[in-house]
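Order of writing sets the chain letters: A, B, C and D. Residues in each chain are counted from 1.
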Amino acid sequence: MMEKLNIQNIGLTVGILVILVGLWGLLTQKNLIKIVIGFALFDTGTHILMVSIGYIKYRTAPILDEAVDIRNAAKLVVDPIPQALVLTAIVIGLGITALMLSYVLKMYQNKKSLEINNYKDLKW
Amino acid sequence: MENSIVEIIGAFLVLIGSVFLFLGALGLVRMPDVFNRIQTGTKASTLGTFLTFFGLVFIMPEWWGKLILLIIFILMTNPVSSHVLARAAYCIKVPMFKKTVIDLYGKDAEKLFKKETKNE
Amino acid sequence: MVNKILFIAALIMMLAILLTLYRFFKGTTAADRLVAFDVMTVSSLSLIGLIAKFSDRIIYLDVAMVYGLLSFLGVIIVARYFEKGL
Amino acid sequence: MLNIILAIFLGILIIVLAIMAVLNKNIVVAIIAAGAVSLFASVLYLILAAPDVAMTEAAIGSGLSTIIFFYVLNKINRQNG
């Protein structure tokens, strides 16, 4: 039991739980802005999950300065590839959030309402 | 494992700083209305963060540049944010505690907000 | 000796963040919650300083600087929204 | 040892704030809670040895997202009356 309690497993658990909470908010809320907030939580959860996949025990951050010897750097630092992927995903998540919010603004300008139940134009 | 006396002084400074942070959070729970909470929370937490970074200067002497920069940054931004917060809380008319004695900001604030709305 | 004292200091800071979380959870108005958010971020700023000391990398202090700047910006934005719109 | 205690503490904090961001009726409080989730997630990235991701998450996920949300909320309020 105590051997399973390391930082990587805690990170994976927190990531999956935040993904589930975001999905719950995305599916059950009626307000349009609350739906976008649920999407932002989902995004944060996937980022925590991906960073904690690349973590290796007892190692330090992959930035080379005087604390990390360059010749032994491959044995001292964690995996830098998932961090680079997450760095890209954060910026794309901001773009998607801004696009969804601009759609919310357009929908509000048409119908003067933020309730999801008032938009039934596609159900004829 | 032996530590020099300077490092132990620094560690005790960090401990005093954390106690100040705890007292600020306790005041945030115990105080009755918004303005009292702003006063106790931001003042105590500013001193706590200041003492923590100042103690880290004693423990890690080669990091002094960035730590002093952080201390100056905290001392400049934290009172500004507390002031803006108090002004916003007054502006949306948060109810005061019923034992409040005096409100000197009232008349000035009425004139100020009227003038600003006229200009727009 | 020094490491034990710093460990106790980190535990006290975590307790302080939990108390502000209680105020954030219960606070009756939105301004209460904004004050709790401000104190919470300032407390975790000094927690980042202790993490940097324990893992012995100076690069972590840059994160503390960005963190402080962005939390300040968030409080200013929400207060401006309360006052008269952005 | 301190790393494991801090990770458990930050995980509990992140999950409580996320549930609060979903369940609260007031939209302003929900947006502040979502920003707080991003800020504490950046401290968790610091423990997971990723300071560059922590910096970007604190700048973009917390700062810029909150600004965009309040910009849209202000536009909606202004069209109302």
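In this text, a contact is a pair of C-beta atoms (placed from the backbone, for glycine too) under 8 Å apart; a residue touches a chain by one contact, two chains touch by 3 or more.
Please read these numbers as outputs of a predicted model, since none were measured by experiment.
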{"item": "Contact-richer chain pair (by C-beta pairs counted) among C-D and A-D", "value": "A-D"}
{"item": "Per Cα centroids, the chain farthest from chain C", "value": "A"}
{"item": "Chain centre separation (chain A, chain B; CA means) in Å", "value": "31"}
{"item": "Chain A and chain D: spacing of chain centres that average the CA atoms, whole Å", "value": "11"}
{"item": "Centroid distance [mean C-alpha coordinates] between chain D and chain B, Å", "value": "21"}
{"item": "Residues of chain D touching at least two other chains", "value": "3, 47, 51, 73"}
{"item": "Chain C, residues touching no fewer than two other chains", "value": "10, 17, 34, 57-60, 62, 78"}
{"item": "Topology of the chain contact graph, where touching chains are joined (line, ring, star, complete, other)", "value": "other"}
{"item": "Every chain pair in contact, whichever chains are involved", "value": "A-C, A-D, B-C, C-D"}
{"item": "Residues of chain A defined as touching chain C within the complex", "value": "60-61, 63, 65, 67"}
{"item": "Chain D to chain A touching residues, read off their complex", "value": "3-4, 7-8, 10-11, 14-15, 18-19, 21-22, 27, 30-31, 34, 37-38, 41, 44-45, 47-53, 56-57, 60-61, 64-65, 68-69, 72-73, 75-76, 79-80"}
{"item": "Residue ranges of chain C in contact with chain D within the complex", "value": "7, 10-11, 14, 17, 21, 24-25, 30, 33-34, 37, 40-41, 44, 47-48, 51, 54, 57, 59-60, 62-63, 66-67, 70-71, 73-74, 77-78, 81, 85-86"}
{"item": "Touch list for chain D against partner chain C, complex", "value": "2-3, 5-6, 9, 13, 16-17, 20, 26, 28-29, 32-33, 35-36, 39-40, 42-43, 46-47, 51, 54-55, 58-59, 62-63, 66-67, 70-71, 73-74, 77-78"}
{"item": "Chain C residues within the chain B interface of the complex", "value": "1-2, 5-6, 8-10, 12-13, 15-17, 19-20, 22-23, 29, 31-32, 34-36, 38-39, 42-43, 45-46, 49-50, 53, 58, 61-62, 64-65, 68-69, 72, 75-76, 78-80, 82-84"}
